[in-house]
Amino acid sequence: MRFSPLARIAYNPPMPDRIFTSDNVAPACAEIIAAVAAANSGSAASYGADHWSARLREITSSVFEKEVTIFPVASGTAANALALSQIVPPFGAIYCHETAHIMTDECAAPEFFCGGAKPIGLPSADGRIDGAKLAAAIAFAHEMGVHNVKPAAVSLTQAPEWGTVYRPREVAAIAAIARQHGLAVHMDGARFANALAYLGCSPAEATWKSGIDVLSLGATKNGALCAEAVVFFDAKLAHDFERRRKRSGHLWSKMRFLSAQLIAYLHQDLWLANARHANAMARTLGAGLESIPGARLLQAVEANEVFAALPEPVIAALERARFAFYRWPFPGLVDAISIRLVTSYATHAADVADFVDTARRSG
Amino acid sequence: MRFSPLARIAYNPPMPDRIFTSDNVAPACAEIIAAVAAANSGSAASYGADHWSARLREITSSVFEKEVTIFPVASGTAANALALSQIVPPFGAIYCHETAHIMTDECAAPEFFCGGAKPIGLPSADGRIDGAKLAAAIAFAHEMGVHNVKPAAVSLTQAPEWGTVYRPREVAAIAAIARQHGLAVHMDGARFANALAYLGCSPAEATWKSGIDVLSLGATKNGALCAEAVVFFDAKLAHDFERRRKRSGHLWSKMRFLSAQLIAYLHQDLWLANARHANAMARTLGAGLESIPGARLLQAVEANEVFAALPEPVIAALERARFAFYRWPFPGLVDAISIRLVTSYATHAADVADFVDTARRSG
Amino acid sequence: MRFSPLARIAYNPPMPDRIFTSDNVAPACAEIIAAVAAANSGSAASYGADHWSARLREITSSVFEKEVTIFPVASGTAANALALSQIVPPFGAIYCHETAHIMTDECAAPEFFCGGAKPIGLPSADGRIDGAKLAAAIAFAHEMGVHNVKPAAVSLTQAPEWGTVYRPREVAAIAAIARQHGLAVHMDGARFANALAYLGCSPAEATWKSGIDVLSLGATKNGALCAEAVVFFDAKLAHDFERRRKRSGHLWSKMRFLSAQLIAYLHQDLWLANARHANAMARTLGAGLESIPGARLLQAVEANEVFAALPEPVIAALERARFAFYRWPFPGLVDAISIRLVTSYATHAADVADFVDTARRSG
Amino acid sequence: MRFSPLARIAYNPPMPDRIFTSDNVAPACAEIIAAVAAANSGSAASYGADHWSARLREITSSVFEKEVTIFPVASGTAANALALSQIVPPFGAIYCHETAHIMTDECAAPEFFCGGAKPIGLPSADGRIDGAKLAAAIAFAHEMGVHNVKPAAVSLTQAPEWGTVYRPREVAAIAAIARQHGLAVHMDGARFANALAYLGCSPAEATWKSGIDVLSLGATKNGALCAEAVVFFDAKLAHDFERRRKRSGHLWSKMRFLSAQLIAYLHQDLWLANARHANAMARTLGAGLESIPGARLLQAVEANEVFAALPEPVIAALERARFAFYRWPFPGLVDAISIRLVTSYATHAADVADFVDTARRSG
């Protein structure tokens, strides 16, 4: 039970930085690491009664121009599932896009946290919910009555899974359908900052002013160590939410270390600066690839993801050059190979240029 | 939406350090903060496929002298509830002490994670499970048959909630009863290091060699930012556990930051050093209080908690002197007031001495 | 795959009628079998939209002197768990007697239906909840705050598991404590008719006039084939309850066969007549046993259960005489053997007399 | 609280018998009512320890030519959800047809009983699962790994929701794909007898010989009062199932009344006789409608359901003639109106003839 000195814990070499697989492979940004270290001074009240957590509530309210309640948690899955469990009964339906993270990437966490509720995926080409399909799905449920789940919530992902961004009026249109039928509206904002950076609107316009009741505010993909949060825009909606967080193991005893990350994240628009860089890198990638013979973009590049169809030799060349990214099936695409590229606040412009050059040379 | 510079985020002043309310009000220790910062270099594979997580498995196996599987999570509640959900069916009974954290302090997280299972609290004076009572409870359930929950697991807390410590032979005796009836055995090791430091035995002797199947290994109370882990001593028991962690939101995308904390924690016996200090502080407190006229200890001081009955004027004097601690009802105690004192790796010897002096002067 | 004619399905011989193990071994009474047969005429709207179900709502409202909503289900476990799931959040506490059926006899159904809520058993000698202990338990939970479950409901069993009966003023006193702290009040009325028959008060006085919000109304033990019901005394409390029933599989497609049983049960006070007979048989048993040297009653005989301590030779003689009953441990009783006897609407007076005679002769 | 004599409980008049809305509006058949009445003799052991329940196990084993375990329950929703909860972990996927009852008609009961598992609906034109789509869905889940639900079970509906019937070789082909990937196979046999009557094969061939692990055996739609059952073809799969039934409130105390219905149902092929009649009525309806100008069948009529596109004036005439049936949207049908007709063991040939005549006259 004796170990070598710390210097020899010799973690294996980190991944190459020429990596476009996901924005969650990036490290935390310096400001956030610094904030964590700064929060590590002396004793602090536990379970969120600390001063950082109080300060976070103030800052978030300021950012959203409204008195909000905010509950930091460790993961986006937790934020989404907890938020939904607060607005959806165990016999309720959650309407979302068929590619939504809550539908395919969270191992049925919404079903777990809601006690059995049912996410229902709606199709569309670009990752944004189609209002007509939403209305039809609600109408079907109402016709089925007690035999079907009760329409309870709509969950929009901002930015959506296909790299596009909802405009506030699009959010408002979906929210209006929801409101008309008594449904609450959740926004999965794992990449909310990327959407905001694209839209240039205020956080308030992108959320509660467009009809959002509760937001999963992501920070991890955009520079935090691990920090997400559930933000309620109406305190009444947050009633008893604290116990939901507690019983799911997401109430940290040393909550200051979560709150401090989010304070730094929102402070002086760090989140927007980070997101702007990520988006710019994606735009550069997209524009570069578009100019390559035989290549084409499959979705508009609005946030920090690029979906492109490339000739197989180009893809193979990029893989040989040890760029990391995913081959990503695109529905209906049969005559070409498609890939997904994700950029982050930490993406190097040189890697982007190198990627495009490599693609062009092998095109 | 413009904030003042970071320097002016002016968090309110931290709590006084003369604080004995809990070990979770302490900051993280320097080694662990350093490890987090060191892990923040370059890209790393997400969701636990990183090198820190691999290294953690090695180190933990070395520490426990056995090939183990370890799953870091953010909180003790998560560790306990996840561990139990792996060994208890939704119609199962979990036998524990009536003061166990899983019974009274986790907002029914075990019931939630297990899909409805039932923790059953057994009484005893010192926080340790009484084997006869355990056997009787299992026999009762078997007699009730299908109408009662199925005996499925025993959960021991090490160190228990009353500041004592199970000896390995005591753990083995409980585990033997469990084994005889087909129950799995879980150890809630939120203060496992404190118990180890007291016992002086090996981690292996304290756990799997005494019949433990799965351990919640705590680090947060003993110096981490936020790091707990579920440790399985038999890989077969861990089958599909990864999905349980995922669907509860406890699979971090940047898992390296959890693993790095635990590596540092176990490295070069930091955990034991921290625990030894905390235990020593508690012993000093206990010995000091015991010498005060009219005071008496209500439990043996074996880990880092002290339960003492003190004359009311003494307690009042300590409160006036701005020491922070809890008045803590002790079952059956009617002629005196009892308090709980918790020490940590960060407790100052000067504060302990001051506390005892203040008590003595007012006694 | 050819079977013998129906006459030869030759069911094994039924149990002897000298049986005091439970009231659920009795057959259904003739009136209820007749009602089921009568309901079997022609087509009927399914899932409770039939006329029997409408008629049941009228009759129940008349019986309870209040517009009620009633949801028939197949078992008492379903009625209790469904009722509780409507008034208790997944992070809530349900206070009940430690011997309550929901605590020990329903295989954690409340935990299942409520999504993880926690029944908390309170001790008392006679099966009735002790108001002071209830208040103390609520106070403890409030002090623990978010770490403990939220006090949400009290569940009283009428008649309680020890054969006694709550007086309306006792129910009202418990309900007042609940109300004061914002808890809802449930009554498990598996033997509600037996209690009513003893009390001689109106169903209204025994329930909503004493503060009951929702009642599990039992009929199976008192003459039905299988018919229990959840009765809400405030329609608002029943909101969306229909989906809870549906998703648990307790919405029968041919609901008329449940409703018809309950109509016949309540019709012309059949339920009270049945219960009066059962209670009278228990009283006769109790009085007879009391007169035997060395025997004593352990609880007042108020409903249809008798708990008695008898000399071992007497018990052995009764068993040899092929009376069926349970040896039933009585807390704290060490110098004698105790038994439980349950009577029903179908108990024969001759069997009761025979039982007492056999006991007396062997005493 | 005084009611009129039973004769005057004057239930409102029953529905007209010219009813084709569902097979669950029919009454129970005489043999089953008789069996219930016959079972009502004397005392019987409760909770399934009675002789009828033992006899049912024998008969079912004989019918299926294999030692089976059978658990009667009150509804098809309960049978399906309980069966699935036994073979699907809370983080598991259940693949089914997108129109399956478990997907759209059971108010998320599978999600509830499985503790959060996820039914995934696969499309096809005729209600039968498409093997290629099943394989693709499983492959997708495997590729997503821990982020997606774990492929755990396939659920086939026999007869499917569009009135067709799986051939044993089709079942076997689906089961083979499941088996290859470690999934269990469930059959929702709400209309299993109708399928059997069409296929003419043995119950064994239609189930375990084709790879079915567990069957929801329906009887209610085909003549029972309320009787469904979960049948396991391998006793090991049924381990602890009894507690699942108990905790969901589906273990009747007077279980003999469920078992007696199923004994009568299987006795002397009553189930097949009933189903043959229902199927014949559907075939007659289908053939009659097909001969009407402007009408066409939308699915093959194999079991007891008819899906037909009719000219609007024909439909209107049928409605005016007070036939009860549903207008039933058919995917992709835009140039005509479609209806669904369901027949049962109780459907009158005269009503069928009348229906066709009315349609023809108004065609």
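Chains here go by letter, A, B, C and D, matching the order in which they are written, and residues are numbered from 1 within each.
Throughout what follows, a residue touches a chain if its C-beta (ideal position, glycine included) is under 8 Å from a C-beta of that chain, and two chains touch if they have at least 3 such contacts.
These numbers come from a predicted model, not from an experiment.
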A-B or A-D - the one linked by more C-beta pairs in contact: A-B
Relative to subunit A, chain with the most remote C-alpha centre: C
As a quick test, compute the distance in whole Å between the mean CA positions of subunit A and subunit B. 33
Where the centres are mean C-alpha positions, what is the separation of subunit B from subunit D, in Å? 51
Which whole number of Å gives the spacing of the CA centres of subunit A and subunit D? 42
Could you check subunit D for residues that touch two or more other chains and list them? 47, 90-91, 106-108, 112, 115-116, 146-147, 149, 243, 246-247, 251
Complex contacts: residues of subunit B adjacent to subunit D: 47, 89-91, 115-116, 146-147, 149-150, 240, 242-244, 246-247, 251
If you look only at subunit B, which of its residues touch subunit A in the complex? 1-3, 5-6, 9, 11-17, 19, 22, 24-28, 31, 33, 35-37, 39-47, 51-52, 54-55, 59, 62-63, 65, 73-79, 81-82, 106-109, 112, 202-203, 220-221, 225-226, 243, 246-254, 257-258, 263-264, 266-269, 346
In the complex, the residues of subunit A that touch subunit D are 90-91, 104-108, 111-112, 115-118, 144, 146-149
